[in-house]
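Everything on this sheet refers to the single structure shown next.
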Amino acid sequence: MRLITYCYLVYLLAPIVLLLVGAFGDQWSNTLLPEGLTWRWFISVWEETTYRNAMLTTLKLALTTCLINILLVVPLVYGVTLKFPAVAQSITRLLVMLPVAVPQLVIGFAFILAFSTAMLPWLGSPWLLVAGHVVVTFPYLFYTVYADIEASPLKAYERMAQSLGAAEWQRFVHLYLPLVYRSVFTGSLTVAALSIGEFELSNLISGFMTQPYPVVLIQAFYRTTGFACAATLFLLSLALLFSLFSTLVQWRLGRSSSRELPQ
Amino acid sequence: MIALENIQFHYPHSSVGVHDINLQVETGEFLVVVGASGSGKSTLLQLIAGFLTPLQGRVLLDHQDVTQLSCGERGLGIVPQDYVLFNHMTVLGNVAYPLKVKGVRQGERHRRARKILHDVGLEALEHCYPSQLSGGQQQRVAIARALVFEPRALLLDEPFSALDASRRESMRQELKHIQRQFGVTTLMITHDQEEALMLGDHVAVLEQGKLLQHSAPHQLYTQPVSEAVARFIGRTNFIDAQVLDSQRIETADLGILEVAPHAFTVGQTVRAMIRPEAIIANPASDIANQAPATVIERQFLGAQQRHYLLCGTTTLSLESASPPEIITHVALPPTHIHLFNR
Amino acid sequence: MRLITYCYLVYLLAPIVLLLVGAFGDQWSNTLLPEGLTWRWFISVWEETTYRNAMLTTLKLALTTCLINILLVVPLVYGVTLKFPAVAQSITRLLVMLPVAVPQLVIGFAFILAFSTAMLPWLGSPWLLVAGHVVVTFPYLFYTVYADIEASPLKAYERMAQSLGAAEWQRFVHLYLPLVYRSVFTGSLTVAALSIGEFELSNLISGFMTQPYPVVLIQAFYRTTGFACAATLFLLSLALLFSLFSTLVQWRLGRSSSRELPQ
Amino acid sequence: MIALENIQFHYPHSSVGVHDINLQVETGEFLVVVGASGSGKSTLLQLIAGFLTPLQGRVLLDHQDVTQLSCGERGLGIVPQDYVLFNHMTVLGNVAYPLKVKGVRQGERHRRARKILHDVGLEALEHCYPSQLSGGQQQRVAIARALVFEPRALLLDEPFSALDASRRESMRQELKHIQRQFGVTTLMITHDQEEALMLGDHVAVLEQGKLLQHSAPHQLYTQPVSEAVARFIGRTNFIDAQVLDSQRIETADLGILEVAPHAFTVGQTVRAMIRPEAIIANPASDIANQAPATVIERQFLGAQQRHYLLCGTTTLSLESASPPEIITHVALPPTHIHLFNR
């Protein structure tokens, strides 16, 4: 069993090590390993305006996607958990997960179809790109928050607070938000990581001026190996950063969940 | 005062519920509703609390009809089975919360919460979080939270089921003391008959949604209205018999038994009950209703010893703190024999 | 709350409806809706050898990916759950989920880098494509099976069977397999759905002869709207079929979980 | 026969475990190990079962040293707390499974499984799945599975904790009968002292990993070796006293008390214990150790009534099935007073 894990690990990490070797190697042609150690590939990626702008676009896009997702998911989960009957809850869960089941290529093409018409000529607009990212990432935040709340004592809290005469806004603020903010936080980090790495949909619906980093990156693959590796490493680091942060936060909170935070 | 008038409720597509319940809890009284799981006792509690609305009948609190009021408007202090403390609030925050939602200023609500925490002996723990407390302490916080806004009545849902057996005894005493100290009208539900007898000023027995008996603990134990109640409240011996006259019955194995005066008609078949601890082993010769008996099994229970005895073909169980070494005869004292219709 | 759900639903389903309209519409140019109802777009997609072959490739790819995943995951989960100490379990969980955190673009480029060298000149080989799909889908099967087994009484069963003197192979066959086969089945359906819709990695590492359907599909976007819609609908139906089937099986089994299947 | 010799075990980085345990269960005997949670009773069971290996000492089964054998090689029948039936196998499949892993042919193993299912009264349910059974039935399947391969001994881990209170009583009787019927050496652990007294031929009391007492139920209850055992096994009154001579002690509130002959030295301070049911209310004048008493609280418990009495400044609890209406005096019978070092 352990052997399988190690093989899988090597298989998984070897390409990433390759990327590192490629990005820091000075010359690499027809040799097993590159020669010399250099920062110059990173510097040349950073100096190209296209890449710098794309990076900024990607960060802005990730941030906006997170914010819109939070504003949609937080009240939606509250409503679904407490207001929907059991059947409606099941249906909502299924519908919300739909974008995961539908290949992004299909979503992208549907966007092209809908928003390249004369009536809705929004293809290439930054807000359409945000909308696309929200559709693709929404299920992950919803599911994280929903699963967390399902496992929480929210329903018992609500009942108790109702018997004490607390109004709905009081229950939302005093009880629901304290229960939910941690999974919203970790879920948002996952959303950010996904948005940063998203290529398939962005490639189809982003305009020339709003190309996020992954779309620009793919062009780098056809340039020198060192440049491509360095450009790829930027993306990898950013995505891994958010993912690992999310996992770590979950672990820390998981470990200390018996000790709750103050009011 | 809590009063239920002809309360009727069942869940949709189900016959589970409560049927035509009339019940009254006087001001300051401690009523315990006891029943097995599925007897409808939780449903009853939820109807009083306002989580459910009866299909028929009325719920009255201090003579006011509250049947159509929501749970929040009824002003009841509720202690759920698992306490439902708010884990992200301190003990003080939890106890003050009912006042917070009513708009009481922070200084005032903390003063009142501290006073009640003092009364239940938790003043030292006000800055702790629920997860740092023992089960018994959590229970007292839940009770304090239910009492802080001076509720019209206190409703307790199986308050000891979440506690270790070893803690239950002392927490029962404590609950009884708190209830007396505050003089609050209290309704508690439980499945434990000993708990019901020990705590209740009155005890109501519920079975399959019907109220079987509502009386003082001693009466419930010694004069149950039916065989079902007798079986549910404590262990019992049953003997089939026929009424000879107003003070005697005839049995197959134990011959003619004297009984306390009763109103059954002569010749009627009845069922006689006697509690295991009421049977006397090797009785003095002046005690009535004697019969020879053979021990078929002994069980040592600590404070009690239980004997299974054979009298003819009837098995009787006998419990005593200090039984004789060898049992040859038993007596069934007439005043401890209670009769039912069969 | 309900409003948000409905809006989201419309937003989600509208593009899919558009696809349907496009695929069955005869003529569609500068009008709000196409005119006429036709099957001809589907027929012309089917008649093109490229698309038919790609569809076959995709199905073979999905099947192989599933099989290899099952062979890896079933023993791995058994080993991780019963043999690994707690710390190793956490690390394994983290590592296994790595491919989800790493953008597929990065994985794809790493594959290009590693397998276009003179030493490992496998780029374009069908087995490399399978390997890529396994890397990308493995976490989903692992996680499904692992979560199921964590919630199962496997550890208690193992202990009991050990005390009865059952050998490891007996415990694996008599106890672990009956506990695990349902989540392996539903997880495999998810893997199939993901493999069928996978574009990003396939686009980078598939050879000309082994292009799976999504890679071929993107070229269709530049042809007539009807043709593109019909080609996209093929992919959508296939992916949704597997996803819905997986969800339904989970629901059915979830409902009847108290009634276990015979020996 | 099970024998433990100087068994020592603790978990890494922890003092929790068992310390220097010597214990023997004779062939066919039913031993109950009783202790609070954390007393080490589960650890003890796991050491015997072979899930844990002692750091020191030996485990013997029928005089064979099995300390280094794995659990599977020890040939013990184990009934875990939650039974751990295999949900995907029928009742018959579960009971036959121990024979299946030993390579017994299907016909033979089904024959033997059916025989034992008949013995525990479940022959009609052989095609059911565990989830279709009640808790009591599941328990019997677990016991049948543990007995089917004729184990050297049966180990039971809190077998009644997963049952409703109402089912426990009858399942206890049933277990006792099955144990006698099969004559199998049995070790059971429990936290319930009444259960221990009722079921065990002998009872061993464990506290903080140490064996406090190992004796017959009656002796354990009436002559506990220490205050800790006395407190754990049943309710007790304690009175501080000083030894006057070999048959008398002097107390602050109850004056001079006669006691059974003892070996404490004159002048030594001791603690006297008497059980609540041993105290006699309003005794006849010829009974020794009388004292005036005032009732401060009465609790009705059904079969028993409990009185809290004040004698001087000492509170005594008294339990009786039929106490007099008014209690003015109590007597503490000398033979029921038991002394401890203090």
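Worth pointing out:
We call the chains A, B, C and D, going by the order they appear; numbering starts again at 1 in every chain.
Operating definition for what follows: a residue touches a chain if its C-beta (ideal position, glycine included) is under 8 Å from a C-beta of that chain, and two chains touch if they have at least 3 such contacts.
Everything numeric here is computed off the predicted structure, so don't read it as measured data.
In summary, no chain was found to touch both chain A and chain C. Centroids built from CA atoms put chain D at 28 Å from chain B.
Between chain B and chain C the centroid-to-centroid distance comes to 58 Å (mean Cα coordinates, whole Å).
Listed for chain B are no residues, as none touches two or more other chains.
Multi-chain contact residues, meaning those touching two or more other chains, do not occur anywhere in chain C.
If touching chains are joined by edges, the resulting network of the protein chains shown is one closed cycle, each chain touching exactly two neighbours. If you check each pair of chains against the touch rule, the ones that pass are A-B, A-C, B-D, C-D. By the touch rule above, chain C contacts chain D in their complex via residues 153, 156-157, 159-167, 170, 174-175, 178-179, 258-263. Those residues of chain B whose C-beta lies close enough to touch chain A in the complex are 49-51, 70-76, 78, 80, 82, 84, 86-90, 93, 97-98, 100-102, 129-132, 149. For chain A in complex with chain C, the residues that touch the partner chain are 1-2, 4-5, 8-9, 11-12, 14-16, 18-19, 22, 30, 32, 72, 75-76, 78-80, 83-84, 90, 92, 94-107, 109-114, 117-119, 131, 135, 138, 193, 196-200, 204, 214, 217-218, 221, 225, 228-229, 232, 235-236, 239-240, 243-244, 247, 251.
Chain B meets chain D in the complex at residues 36-37, 164-166, 191-194, 197-198, 217-218, 221, 233-235, 275-278, 299-304, 319-322.
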